[in-house]
Every structure is written in structure tokens, then in C-alpha cells.
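Okay, so subunit A shows up in both of these, paired with subunit B first and subunit C after.
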Partner chain A sequence: MFRMQKTVTALFKHERLEVTRNTADEARGYAERLISEAIRYGDKHNATMELADFWLLEKQLVHKLFKVLVPRFENYNISYTRCLPLTPTYPCTKTDQFPKSLLELRGNPYPPVMPKDPHNGSLLHNILLEEARKEMRQTQYLETAKSIGKEDKSAWVVNEKAEDSGSSSEDERKKD
Partner chain B sequence: MSNLVLFQLRKSTVALSAISKLNKTHIEIQFNFKYLVGQLSQRLQSTSSQVVVRENTKREQKRVVPPNYRHIYPEFLPDPNMEFRNSVREKLERTDMINRRSRIEIPEFYVGSILAVTSSDEHAVGKTTKFVGICIKREFCGLRANFTLRNVVDNLGVEIKYEMYDPRLQRVQVLRLEKRLDSELLYLRDADPEFSTFPFDMDAEFLNEGAPVPVNPLKVNLRPPPWYARWERLQPKGAIIPELRGRRKEKSEKWLEKFSEPWEKYDLMKQYRKTIPEEEQDSIYSDIYSELHQMEIASKKLKRKKAFVKPKKTG
Partner chain C sequence: MAVRNAWNSLKHCFNSFEEVLSVSLGLRYPYKPTYQAVLLGENNQQTTALAPQNSDPFGLGDGFLWAVPKHRRTIEKRMRRKFGAANLLRIRPRNDLTVCTRCGHHHEIGILCDHCYKKVQEETKLAQDLVQEKLGLSAVDKEVILLYENEAAPQDAQNKFVVEVPKPRPQWFSRNLLQRTTEVETPKAVAETNQVVKPADMG
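Right after this comes the complex of A and B.
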């Protein structure tokens, strides 16, 4: 339980943590429940104050919970935290055998970890790339259009030869 | 549109012309600048945000179901353990439970209330037996929900486990509706018999409509050990644990030091995993609310009719 207390305290303090996957998963539950209780009962409720006092080892974070995090998360209809898996950092030491994950509170001031949909067609680079692709296709169409008129007649000859060879093989089979 | 975006768009025309030069074609791309700007602005406005902010600041949703239903009808909520959840079975059970409740009145009661149960018994004289006792335990949910009544009959402690939706039950009457300080009163087995004796001809005690269920702060005296179970480990609020001596004391202290969890009341995830979440509770009870409400109204009418004694003519 002390480990969970430390993790929840650190999460509220730094708003972004790198912890082992299972710790993050469990601490996430406790953090969200704590925030939900604070939102539901508010500042003056004795039981909630005791709860916050137990979970948050640094007492300034109790103030942060009720003054900052509650107004931030009051109207949320999704989770208050985000948990993303992390890849191991090389060189692999013994501790890197335990996969880590990133645990953060939503609405934190840091730049986002996951980029917002890079394939979004409204983004400028995608508009430019789409136009470039269209241009490429146009050039290709023009080339094929040009080549329609100028067909290689030798191509037909090759086909006739193939047909002859095919019929000869059939005759051979009939003989057998 | 911001200046930065316009600048970037103008840069793009330069970039595209560069590409065309690389391909050695003289086709100019029909780059409708204004159309593009319009498209961009439209798309940026339409992208929905992840977090939906409600209009009201607090969750001011109208609640159809009264909040105390989970205390009055706790057996309608399924076992929170995911291994035992089955939505189809739960729905079928709920309909069966309501059907049974429409035939017999199963009242609101808690552990610590005194009940009188009349059930059909093939070996009895009038084919029915009545048993009065204090409810010491309530187990399970759905159609398997049961409660145990304890009484001392002829200096012998008797406990009978009744299933709430057993068709053999004819009448379940609450003689005294109250709660105790603990959720289970199994320690009455090792308490003085006076705390478990209740007369069979006990009258029903009247409670005002709408009044909260009283909590009896009684502290039961336990007999000296050995006991049925190590009650000192449970640390019950409604029982006075006598002074332990010698090896028994050492062992109990050791166990408490090792296994007692003073943080249990702060363990939020343990609570969460033992309960059905609020939204699900609401959906379950809203399914059956109309039927239960009608039954409540009907039972209240019956009670008033019974209470009213028509005045007789004298003289």
C-alpha cells in the first residue's frame, strides 16, 4: 500500500510518470477513485479529507487535489488518467526486464506524447502531399494516353507464336 | 485565418511548382487558393474534442430510482466478481424475482432485525411452521439470496437459513426493523444466550413511515474463550471481547500485528471491486423500478387498511 501511496503522490505532483506496467495499472485505479471521491464530496467532507491525507504523502498536494484537479476533471466523461506502454531503453539492464509504461493525468502542461492523428487530411503537410500525389497521377495518365496511339505491332506477333506453341502441345498430348 | 497559416499555404504553391519542375512537365496545378483555405477552416472547426464538457457544471441528472434502493433490495445487484457475471441470467433472475415478489411480500430488513417466517412444512401439524429469530447473516444475490435467523429455544441455540425466493415461504414479517454495528452477527453464537433469545409470540414494533432505520449500538458480552471462531481478529464493533490471557493473547497479538490492515478503510480499489458501479446500479434498478414502486404502494394501502379498526357500536 505504501508503494501505491508513493506512486499516487508522485503522479499528482509531477502529472507524468514512468513506472512499471503493473504499478501504473494499479495506481491508475487509486488515483481515479481518489479524484472521483474528491469531486463527489468536495472540500469540507471529513472522510474525504482523511482519505486524501492518507493517500497524498505531501500535504500541499491535498490542496492541489481540491483546488486544481477537481475543477479540471469535474465535467469529464472519460478517464482522468492516461496509461501508455513504453519500449525498453537500451542497453538493457536487469531493471529493464520489467516493462515500463507512462502514466499521466489528462490536461497536463507537458507536450503530448502521442501525436494527434498524423493522417488527418486537414493538416498542411497532408494537403501538400495529396496535391503532389494528384500531380503524379496526372503525369502518369498523360504518359499512358500518349502511349495508346503508338502501339508496338511486334507485340501481336509474340502472341501468335504463343498460340501456335499451345496448339502443338495439345496435339502432342492427344498422340500420347 | 491566421497569418502563419496563410504564409504556409503560399509556401506550398512554391513547393508544388518545384515538384512539377522536377517531373519536367509544364502542367500547372489548378491550385484554388481560396477554396483550399475554406476547406481547411471548415475541417478544423469540425474536428471534435476528446473531452465532452457538459453544460451543467455538476451532474444534475434526474434520478428515477431512489438512492436507498440498493439497501432495501440488495439481492437485485449481481455479484461484482466478473467470473460470475452473466447478463442474460441476471435479467431472467430479475423477472423471476419480481414475479415472486408479486405473490408474497418480502419486506425490507437488515442484519440485526427480528423476523418471523412462516413456511410450509409437510411434517408439521397445520402443515406450516413459524420461526422467530434475529437475522445474523445475509448471503448471495439473485434467486439464491438467503438469510439466517437465530433464536434460543429450550436452552438450545437454533439457526435456520431461509432462501428469500423459496416458494415454500408463506409469510415473512419484520417484528423489529433495525440495524446493528456489524454486517454479520455470527459472534452471537459465543455470546450470552440472552442476546439471542426472542419470544415467539413477539408483537411487531411500529416504525414511522419515512423514518430512517435505527442503528442499535448494543455491545454484546461474549463468553470466555474457546469460541466458534477467533472473534478478536474480526474486531467487531458490536461485541465486547473479554480480556485474553496467556498463549491465546500472544497468538492473537501476533496475528493482528501481521495481518491486520489499518489501511483497509482507505483501500479504494478493494471497495470498488466489491461493489457494482453506480451507473450499473441505476440501470438495473430503473429496469424494475416501476414494478417495485407499484408493489410498495399496494403494500402501504394494505397496511393502512389493517391498522384501521372500524369502530363498533356500543349500546
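Right after this comes the complex of A and C.
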């Protein structure tokens, strides 16, 4: 439990954390529950205050919970935390080097980790690119349409000499 | 008792009659006797004592044949075991790797690209250290905002805890992280309202 307390405290303090996968997964639940309780009951509630006192080992973070995080997460209808797996650094044999996860609170001021979808069709540059592609296709269709009756048929004949020899051999067989 | 004996002898009669007829007509072979006949020798004594011929002489069922192969192993199975086929497929291909669309480096599917993340990690560490230095142990009661070199403070700077970062803002870290591009939810609704939202804090 002390390990979880430390993780939750660190998460509230730094708002972004790199911990082992299982630790992150476990701490998420406790952190979100604490925030939910704070949102529901506020800071005048004894039980909630005791809970915050237990989980947050650094007491300045109790202020942060009620004054910063509650207003931030009040109207959220999704989770308050985000947990994303990181590339494991092999060999994963020592405790330090077990595969890690990034655990962070949503709405933190640091640069976003998840890249935004570059293929989102609603983005302006994608709309413009799509139109450019359509134009390109149109010009190609026109070119192919123009050249339909004007194909170079000499390329279709494989070998005129071979055809003649073949037909002559057939005639010989018929004679026999 | 007597009735039973009579009934049994009657049955025996019928069976023997049926056997004699069938065997003589060549319809079937005689049944193999389960008990061998006890030969009476002189003085009506048994000359040979015979045990009942049974497929299970010790009464153990298959117990006598525990841990023993029941069927012959086919040649195909033997060959498979012989030439190490089980070891050939130990080396399996990694089908869970893909290319990051942003940087082109490889990474596991479902896991953050390491090359892209390292960039973000560096920047985050720097910012986090600065924030902690400035905050210290004082009670935190405001949202933190990062202000890079040559940037104007945002409109609601009074309600925020501003931390100055002494370097120019990286290109990939936009100031405008949370503002929606439209006030309305669906593209259809956007088309109907014809509104234009100017993104704030783009620097």
C-alpha cells in the first residue's frame, strides 16, 4: 500500500509519470477514486479529507487536489488519468527495467504524448490533398479516354514469322 | 426350484436342437463352449481340472497394462519426432511491428513510438524540474502554465501559476492544446451555422 501511496502522490505532484505497467494500472484506480470522492464531497467532508491525508504523502498536494484538480475534472465524463504503454528497454530482468507505462493526469501542461491522427479527413490540409488527388485522377481519365481508339496494335502481335511457320506445319499435317 | 430346473432343461433342449439343425444345414458354426467339458475318468473322478476360459484371468481389467502403448505409432508421427520439426517453428516472426507515421521509426503496435516519445520526454523533464523548483513546498492552488522564450503571457495569467522556460518553444508543441476548432459538435451542424472560430494563443 505504501508503494501505491507513493505512486499516487507522485502522479498528483508531477502530473506525468513513468512507472512499471502493473503499478500504473493499479495506481490509476486509486487516483481516480480519490478525485471522484473529492469532487462528490468537497473539502469540508471529514472522511474525504482523511482519505486525501492518507493517500497524499506531501500535504501541499491536498490543496492541489481540492483547488486545482476538482475544478479541472468536475465536468469530465471520461477518465481523469491516461495510461499508455512505453517501449520496453531490453533486457527486462531487473525491477527497473520492466516494461513501463506512462501514467498522467489529463489536462496537464506538458507536451502531448499521443500524436493526433494525421489522416483525419476533416483537417484542412487533408481536404486540400484529397481534392488535388481527385483533380489528378480526372486528368488521367481524360488522357486514357482520348487514347482509347488510337492504341498501337503492333505491340499485340508477338512474332509474325512464328505464326506463319505454325500454320504451314498444320497444313502439312492435314495433307498427311 | 424344481420348476426352475425344468425350465432350464427345457431351454437347453431347445438350444441343442437349434444348434444341431443350424450346424448340420451349414448356417453357422457351433458356439465355442465357455467352459470346457469336465472329463469323467474311472471312478467318476475328474481327470482334468480346468479353469473357466476368460479374457480377464486375473480380474484386473486393463490394469495389468497401465502406462503401455495402446496403438502403434504411425510412420508420419515417428518422422515428425525424428527430425526436430518441433524446433523449426521456435523462431517466430514478429508480426506486431509497424512504422510510425510521424518519424518513420519502427515500434510495436499499440505502444508509443520510442523516437517520438524521447523528444517529448526530454521536454517534459525539463519543464517538470522547473515547475517543482518554482513551486517548492508551497501549497498548490493554481493551474500551471509554461511560458517559453519571447512569448506573451496569456489573458487569464492572474489565475494561473506561470513558469518561464528559458528556451524557444519547440515547433511540435503547440500552445493551443485544448481549444476546439468549432463550438458545435458535428460537421453537419457546423455547416449549418456558418460560424468561424479563431484559434487563440497560436503565437
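Here, the second predicted complex is superposed on the first by the 142 of 176 C-alpha atoms of A that agree within 3 Å, B and C clash if a C-alpha of one lies under 4 Å from a C-alpha of the other, contacts with A are read in each partner's own complex, and residues count from 1 in each chain.
The rule is short, and it goes like this: a residue touches a chain if its C-beta (ideal position, glycine included) is under 8 Å from a C-beta of that chain, and two chains touch if they have at least 3 such contacts.
Bear in mind that the values here come from a model prediction, so they are computed numbers and not experimental data.
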item	value
First (subunit B), second (subunit C), both or neither touched by A:122	both
Partner chain(s) touched by A:14 [first = subunit B, second = subunit C, both, neither]	second
Partner chain in contact with A:61 - subunit B first, subunit C second, else both or neither	second
Touched partner set for A:109, first subunit B, second subunit C, both or neither	second
Which superposed partner A:26 touches (first subunit B, second subunit C, both, neither)	first
Subunit B versus subunit C as contact partner of A:75, first or second or both or neither	first
A:87 touches, of subunit B and subunit C: first, second, both or neither?	second
Touched partner set for A:1, first subunit B, second subunit C, both or neither	first
Shared contact residues on subunit A - subunit B and subunit C	122
Of all residues in subunit A, those that touch subunit B in their complex	1, 26, 29-30, 33-34, 37, 50-51, 54-55, 74-78, 106, 120-122, 124, 127-128, 131-132, 134-136, 138-139, 142
Subunit C-touching residues of subunit A, taken from the complex the two chains share	13-14, 16, 18, 58, 60-61, 63-64, 67-68, 72, 84-87, 102, 107, 109-115, 118-119, 122
Partner subunit A, residues of subunit B touching it in the complex	5, 8-9, 12, 15-16, 19-20, 23, 25, 27, 29, 31, 36, 39-40, 43-44, 47, 50-54, 57-58, 263, 266-269, 272
For the subunit C and subunit A complex, residues of the former touching the latter	101-102, 107-108, 110-114, 116-117, 120-121, 123-124, 127-128, 132, 135, 137-146, 170, 172-173, 177-178, 187
